[in-house]
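You will see chain A twice below: alongside chain B first, and alongside chain C after that.
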Partner chain A sequence: MSSLLSHEIGYSAPIEVHNHGFSPYVNNEGTSLGICGEDFVLVASDTRQSNGGYSINARRSPKAFELSNRTVIATTGCAADAKQLVEDMEQRAQYYVHKHGREMSTPAMAQVLSQLLYTRRFFPYYVFPIFAGLDAKGKGAVYNYDAIGNIECVSHYAYGSAAALLQPFLDNQINKAHQRGADTTAKPSRAQAVKLAIDAFTSATERDIYTGDWLEIFIVDSEGVHKLTRELKHD
Partner chain B sequence: MTSIGTGYDLSVSTYSPDGRVFQVEYAQKAVDNSGTAIGLRVKGGVVLAVEKIKHSRLLVPHSNRRIMTAGKYIGVASAGWMSDTRHLVKRVRDEARSYNDVYKTKIPASIIAERLGMYVQAYTLYSSVRPFGVSTLLACMDRNGPQLYMVEPSGQYVGYRGCAVGKGKQVAKTEIEKLNFDNMSVREAVKEAARIIYTAHDDTKDKLFELELSWVCEESNGLHEHVPQDLYDEAVQYAERSLDEDEDEDNEMEDDEDL
Partner chain C sequence: MDRYSFSLTTFSPNGKLLQIEHALAAVGNGSTSVGIKAANGVVVATEKKTGSSLIDVSSLEHMAMICDSIGMVYSGMGPDFRVLVNRARKAAQTYRRTYMEDPPVRILVKELAGVMQEFTQSGGVRPFGVSLLLAGVDDRGPNLYQVDPSGSYFPWKATAIGKNMVNSKTFLEKRFNGDMELEDAVYTAILTLKEGFEGQMTEQSIDVGIISTIPAVEGEDTLKQSKFQRLTQAEIKDYLSNIA
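Showing the complex of A and B:
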């Protein structure tokens, strides 16, 4: 039987490359932010889902969810991956309850989320989560992650299509960045944080085509998770 | 009483007709032939004490510790094969580490007990491995307070207020049952543990022994460590004194009988 291996017969036929252009990732855009207060945390996301072009997939597709009675998560990126990631987190939270007889603490959940993301290091979830909650002492904590699980505990963060518009605004208003002589130690009150979130999103809606429709704000305090909804411009 | 397995004891994957797994029972025998180890759990912490039998005067004192620490907060004392113990302690350390990697919290006592129990149990399923010849005492303090667990060669793990394993376990258990756990401080428990080890030690069998004492409590900041030298000395003195008192009592009784 003669061998027909190309390297043995000294000839290889030109390989036809079919560029199907299939990418497993799609960016559904939209924006999320998180703000940390002394005894509360706030997480806000718009609900517009786009397809990366000029079309809208959905006007009312939530991106922020509550994971327990003292933690919430806001997602941006690929909506399908975000849905799966949140389901994964919910399952891990339930598994913990069955095993330990109590809910997972906020820092533990933050670490689990980081670990979940890194497990997919070589085929990442295209999600940039903001995870927020109250720790055992009732103090607020906001964590932001990149798609492969780098975790940072911060006072505020914004992700998504309008992140570049919101982040400097929040830096200035919350951390008093670039304000001479301002009190940088004060954390925003609950009312201030809500106002900041609404103002940030209404401004972002004007300038970013992917942000708009509705805004969902989740506030976590000692009494639990509260949800506010505000309408944004639909154009 | 030695049970004769008559063919049902050749492999751990074989049951006997009366429902026993002889290899696991034989592993328990290895534990029973080792130096005594006891654990006492009181309100303020957990105390572990081990009768470390020295087979040679040439051994450096305080070397070859039988009480080991895992993850800073978990104390492990054991009776049985020391080589198996080292393997299990490594496992406890790895489990505590992996839990912390995932949850960024120190592993709760019930969880580490379960993980060790399940690991030990796995070695009772296959004929290609032998069961661990160790009974392990786990001492930890978590958010539910101080806890003491014992993991047997079968993989069974139970939480205790006081437990004893090894050669002198019968004597030790009798003494432990007399203790009033609710009203004992950790320091008192340390001294009682020393006394019980000394009482359970049989001089006729092994002359040389060294007492090892460790605790995990508020005074140690929740860390598991060997008790401070001054408390150790105090405990040893207390133990030796109470042994002498027992001897005096015995002598007194003999005098009465003469009359």
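Showing the complex of A and C:
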């Protein structure tokens, strides 16, 4: 009896494929940046939350948070994942305080954040955090991460929908990139850093539809965490 | 099904855990170890008594570095000590992996004590037959901790464990003062061991380990401390010649 197996007779009935198209990830856009000074650090995020299209979920949804009196974190990506990650970090910080009787140092917290992200290597947090704080000697440090925890200590960084607009601007203004003969050793002063952040965001707001509404700036110095709020264009 | 899913360490009617008592007896049969916390560091020392002159003493490891800032010594059963050294080293590196820092001594002590307690309450295992002395420097300065087979731990200014602990502790009570520098503490530790030593004490028959705090220097990292290190035989010989 000859074979009637479909692969041998060269024909198979069309299989119906149901593409449900459910993605667990959503990008709520928005932009964050971090700048490192000699004895202070600054992180700034806009507060607009979008849904990846042309709608706005919220005009005033903070993306940057204070983790301790010496450290702050700014997030971009999926707002739900960012919320969970920040709460995770806060819990870990509390656990450390209970166990050790003192706060976690900034480099320790930076490493913990990296670990938290890598623990989810095979179902990542869709978050790109910027973590910043003062070390034990009062020197500033800014760390940027990818979604699975690669950690890098930098002088400045920008993430989010307007990152491509801000990063080269900060490279030029802070590291004096492409400025021949400029003094590349000087770190920005506090006033300079705040002005840079505000100027960067007002410019980004003009060109990026996902950036705008309000800007929250967190500055950490020897006295603690200070928050500044600036309004951005709502269009 | 599981023949040994029950703990072998069970309460006696008068509320004691006899297995732990027996473990402490095993500790009491072991070579004496002493530890002294000085103002600027910690010293631990132990007897390396061998039954035969044929043993290669230089390869005996009675003292172990757990991480850069913490060292450990014991009295009791050597094999049990080795297991705990490995656990402690793993725990210290796990901590480093998470926090990029060496663990504070009290944190490592709690971890190790937790392991030792597990073995008094798990199925089919017996308690460890060692008491440990952990010496280290952390954010709170110099630390000296004793951990017992039960999992109890004690912070000490100066202490002794093992065969000659009672006499040694009496000796230390007289000799110890809180302002001692590390140098003096090393001498005192060696003298304490000498008190109960049978026969001639040479640089081959004791192990001494030290770790010191480094005072903060202007412009440098304030959290620095030296590494835990064993004294070389030459250094011990120097100390001994100054005592004799």
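Heads up, the rule we're going with is that the second predicted complex is superposed on the first by the 219 of 235 C-alpha atoms of A that agree within 3 Å, B and C clash if a C-alpha of one lies under 4 Å from a C-alpha of the other, contacts with A are read in each partner's own complex, and residues count from 1 in each chain.
The definition used in the following text is that a contact is a pair of C-beta atoms (placed from the backbone, for glycine too) under 8 Å apart; a residue touches a chain by one contact, two chains touch by 3 or more.
As the structure is a computational prediction, the values presented were derived from the model and not from experiment.
Placing chain B and chain C on a common chain A by superposition gives a clash between them. Of the two partner chains placed by superposition, A:Lys227 touches none, neither chain B nor chain C.
In the superposition on chain A, contact of A:Arg60 is made with neither chain B nor chain C.
Within the superposed three-chain model, A:His100 lies in touch with chain B and with chain C [touch as defined at top].
When the two complexes are overlaid on their common chain A, residue A:Gln111 makes contact with chain B and with chain C alike.
In the superposition on chain A, A:Lys137 contacts chain C only, with no contact to chain B. When the two complexes are superposed on chain A, the residues of chain A that touch both chain B and chain C are 99-100, 104-105, 107-108, 110-112, 115.
Across the complex, chain A is touched by residues 101-105, 108, 111 of chain B. Those residues of chain A that touch chain C in the shared complex are 99-100, 102, 104-105, 107-108, 110-112, 115, 136-137. By the touch criterion given at the top, residues 97-101, 104, 107, 139, 221-223 of chain C touch chain A in their complex. Interface residues of chain A facing chain B in the complex, by the touch rule stated above, are 99-100, 104-105, 107-108, 110-112, 115.
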